[in-house]
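You will see two complexes here that share subunit A, one where it goes with subunit B and one where it goes with subunit C.
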Partner chain A sequence: MPNGGSWFDQFVNELPKKPWFKRVGAWILVPIWAWRTPVKPLRGGPRPSIQPADNLQSMMNLIMPLKRENKSPIGRAKAALAIAENKDQIFAGLDNVGTVHFARFVIVNDNICMFSVYDGDFSNYIRDFIATIGGVFDAVVALVEGGDDVLPSAHKVEAFIEWIRRHDLYQVPDTATDFLRDQEALNGDNAASGNDDLSLLPRKLILQLRANANVSLGSGYRAYPGYSAAQVRERLGIGW
Partner chain B sequence: MFNFADVQGNIVRGYRGKPRVRHLVLEIADRIAARRWLAACASGGDNVPQITTGDWGADKPVTCFNIGLTYEGLRALGTPDSSLETFPNEFIEGMHARALKLGDVGESAPENWPAPFKDPKRIHLVATIYASDIAQLNQVQDQALADGRTLRLLGGALDGCSFPDDLVHFGYRDNLTQPRFAGVHDAERYADGQPKAPLGTVLLGHPTNFEGLEWRVPEPEQLGHNGTFNAFRVLKQEVVAFEEFLGTAADHLLSQASVDELLPLGADAIGQGLSPRDALREVVAGSICGRWRGTGTPLALSPDRPNLLPGMSLTDFDYDSSRCPYGAHIRRCNPRGGQIVQRVANNSRRLVRRGMPYGPLYDPANPRDPELERGLLSNFIGANLGAQFEAMSCDWLNLGLQDPRITGSNDPMLGANDFKTSWFDLPLRSGRTIRLRGLPRFVQTRGGAYTFLPSLSAIRFLGSLMM
Partner chain C sequence: MVDASVAQRLVDDMISNLPKHDPGKRPVHTIGVGVDGYFTASDVARKYCIAEHFSGQRICAKVRFSNASGSPEQHDGWSDVRGMATRFLLPNGAATDLIATTLGEFFARNVEDFFEFTKFDKQKPCQRESPWRKILDMLQLKVPRRAPYPGEKTNAGAGILSYANRHRFAQLAVFEAKLIGAPVSYARAAYHAIHTFMVEGPDGVRRPVRFSWQPVAGVRNTNPDAPPDDNYLRQELDHRLRRWPARFMLMMTIGEAGDAIDDPTRPWPAKRVRVVMGTLTLTNVAEDQAAAGEHISFNPWRLVPGIEPSGDPILHARRDAYEVSRKMRGGIACPFFNRS
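Showing the complex of A and B:
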């Protein structure tokens, strides 16, 4: 941060800490920026890579907002029941997909979420998931905003996969400046701007987090990276 | 009964009597004229080559002619947006954009592809001619591009020619099996225990291999139904590096205590008069592919000798409890009924493969012109590029997700290998393995395009577009 000695520099430097400025920023400044510089949301899912280790234990953070009529304790209860009633089938299906390490369902506010760790390609994972238990999972998707457009999943495979990808959180790269590179690439801009001083809280970063309000931070921690679910099961002698 | 006259012939037939192929990568120069050209190709007349269909009637055609359109090609023809947006994402994005999924990195990356593949926006149509000799290829090409204004040839023609006994570069035998389809007459009727593939494996609008699952058929139905997709690839084969690796691997094996397990019947069983080193070269080559060089005998049936014993079949075999390496090329790309991690995926990623070598035959004993480019002009045809070609490429060919014993390694023959990290396990009779390391990338991608192979009705539809 520039460390000028004048009273004006100090005033500007202190601005982000002032409560009144935070309010002005959030309610006026950022919306004006966003209006002047439209930012597209970044795509969900892991970063494409050719390295085998990068394609094992990928994380899916699926956030699906419940339909307006389900945004209530009753709606959340319906979602909880949809999971509970089909839990055995969903788990047996995930077993058959074969590439899933962990999967769990969570309700956060009015969102039904599925978090899972899987091996290999995202589309293959979702396609195999539909082939195995699509019909059961459809009951969950039916409670979600926009879900009706991609049901039944067995007849709308491509659209369903794309829908799931749109609801999978964008994964912020481990290197924060790569976030800016992703943003530039999305806009077809191959030349890095070089304006990467993150201590200045870049406007680009703020606008991107406005477009992608929910993100996954970094690629996450793995206790035994580079092993597939089947490799772990094989080594534990529990069949794969 | 299914109407084969509506389907392009190269999808359901191998054209085995036509040893020469020519691919013409074309740009549509005049939209209106190109529509007229397509309509004429599908309906006869106007002195253009006729599209060969799956129904030959009584007479075999002298030459065969088929076309594939890229997404840019469909746009160039003026296909309405409402129709274009019903095509699958991978096709819309094109092969260049899918490079990471396909292992097209480093030297194989699209930015290193030579013309005409450098500029994918200009690739609109790939026309393919199959014939007995070059004169016929020239004749059909002249006929196809007669007026010189409708279609512009990008780069030179890509010619391939089959070698005797279906041999291909690296010394393997190709064209041994293809998926057989439910409801399709199988002229060759070779023994094959694999289940017949539902027609939807290769044609849009029919039942797929996943029970109950339907792939989206591009709209209108006349355009999408009975069409399919093709991954056209120019695959350069590094013949010199491949032969060198076999020698290096044989030397390494000779230094191993358990080497005798690889030649239990002696070197003579591999080939009369072969030295142990040369016999081990063949063992490595056979293990890499899953079939012995020359004979094509599957290691699943005959792991110790390349000759087929009475009662064995080149095509009828399975992998469980066989000694075919888990990572062998043909096992990785089609695990048949063998156990795999993705239990629903057996038989689901099958592809019709139409390939022909280019460049002169390479004889390692008499290595003339080793610097000449050699390879395979290949077509991988399936109704869903994402569920078949790409799924096979990214999780099976590379990564090896289907079996924990190969996960983390790439296909030894076709994979995106880096000699610093690559490995391949040779199984021994005792159940142990010897790990080979340092495999370089033997096959480099030199170009390609995703194309849509429209039905005859669809070609007429495109020919009649008015916009």
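Showing the complex of A and C:
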């Protein structure tokens, strides 16, 4: 809102829009506050499932940085081919998993990403995934930083599940203040109330996004929330 | 249900916190506009609720949109929660109300919390933050306090923030209220009936549900950087409805065991089943605003068979608090309000 204040007041109001001030914020202020008030990265993967519908239409946002030697058009092409050459195997495998609504692979910069919406428990989803298309996925993971440590996935199931979870994005809660609860829980603070300062929420968000540079914003929109892939198929008469 | 004296205290405490109050006006949501329209249930609504307005026939409706402030002074362009109270006039002569606001959650879990809130909700002089203070805020990665609106001498922002800092359950509502802004139109905001109700289907199954109105025209706020207009929402609605009706979809979210049924401070997860229950079509701003905007009295307990209140203590407190408020301002008692 135009404030009608002094020229100095108006100058200060415009500061956040100035490129030099943004650089001061990003290069000096944020690192200083990150040093003074360290923030731990929040764990990726789905939020705890409590009620039945919490186990439906969960998101997996897997961001896997390609190995250094693959951070090039050639490396990206290898990743694209690893998917394209095995499309039939992937689709058949996902059909067999049976609990997946949507799944797609995306290359963003030098990351190979898999985004999917699935029903049921995260660990079981990955376990089924390994059983049905683990071989294909191994070819992709072999191109990714740290991927060699969990291959072959069929022989290192638990390590592979944990590796996937580490690469799955932190899912910011749908409500801004629940994100504060996540930070508090990570620091062992589960009190119902505390001596908080809500005005610090912007800084806490900034520092969290420094610790978790990539996140999923909220649980997303659903046209038919609360229904499993199996229910949708059954009601549409296309079930298997 | 709360003791009558508690309901009176609730209303008195709210009024005592107002910088100005006209005894003939509502102590909150004072400025409003009455609108006529009709509601048509969706084809699936009757599968979930046997209440008559969900049977599918066109139901006359009266709606009062409002600014949440209890001030008799109109400031449409100020950031504020907005209200949408809807009365469904049923063919059998009964009526039922659905009261919703643009805030998705409440800031108190029960009457005790609310009384605690009223201790903090005190008007204090508000001044423009000094440029040096703003710089200090920015250096701390905090958002500087907004400048007072033209003519804004006091507000309760500092007290409410202090309340939220002490009570984590209140933080979501307070945070959302702080950012809520001003809609470009009453028809371009989403409204949420924050309480849980129990609806009964034709098969006898009772489900906990929460209702929301979604504007077909979409949600849009005014530019917060532009000077606020104190008086535009009623005229905008009038002009809009003279051109074309405005519509809202009534969405019903079905809760699950374990969801916060009796706590209006806690939202439900986005994964809950959501059903389109019908469409409200607003046709015109009511000609008699004294009746449609001022004297009309809504009550969240004005319900019909098929819908029952949950055990939410705030919902229970509102029943009598609304009645106390109605009597104090001489509002019209609803002839259909027979529930005890």
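Some points to look at:
FYI, the second predicted complex is superposed on the first by the 212 of 240 C-alpha atoms of A that agree within 3 Å, B and C clash if a C-alpha of one lies under 4 Å from a C-alpha of the other, contacts with A are read in each partner's own complex, and residues count from 1 in each chain.
Note that in this section a contact is a pair of C-beta atoms (placed from the backbone, for glycine too) under 8 Å apart; a residue touches a chain by one contact, two chains touch by 3 or more.
In this text the structure is predicted, and so the values were computed from the model without any measurement.
Within the superposed three-chain model, A:His101 lies out of touch with both subunit B and subunit C [touch as defined at top].
In the superposed model, A:Thr132 makes contact with subunit B only, not with subunit C. Once the two complexes are overlaid on the shared chain, A:Asp197 sits against subunit C while remaining clear of subunit B.
Within the superposed three-chain model, A:Ala159 lies in touch with subunit B and out of touch with subunit C [touch as defined at top].
Of the two partner chains, subunit B is the only one touched by A:Gly120; subunit C is not. In the superposition on chain A, A:Gly226 contacts both subunit B and subunit C.
Contacts of A:Ile50 after superposition on the shared chain: both subunit B and subunit C are touched. A simple residue count on subunit A separates subunit B from subunit C, and the partner touching more is C.
In the superposition on chain A, no contact is made by A:Arg76 with either subunit B or subunit C. When the two complexes are superposed on chain A, the residues of subunit A that touch both subunit B and subunit C are 50, 52-53, 56, 226-227.
Residues of subunit C touching subunit A in their complex: 128, 131, 134-135, 138-143, 146-147, 149-150, 161, 164-169, 171-172, 174-176, 224-228, 254, 256-259, 267, 269-274. Looking at the complex, you find that subunit B touches subunit A at residues 88-89, 100-101, 103, 105, 210-216, 340-345, 348, 386-387, 390-391, 394-395, 398-401, 403-405, 407-410, 416.
Those residues of subunit A that touch subunit C in the shared complex are 1-6, 8-9, 11-13, 15-16, 25, 29-30, 33, 50-54, 56-57, 174-178, 180-181, 191-203, 206-207, 218-222, 225-227. By the touch criterion stated above, subunit A contacts subunit B in their complex at residues 48-50, 52-53, 55-56, 96-99, 119-121, 123-124, 127-128, 130-132, 134-135, 154-159, 161-162, 226-231, 233-234, 240.
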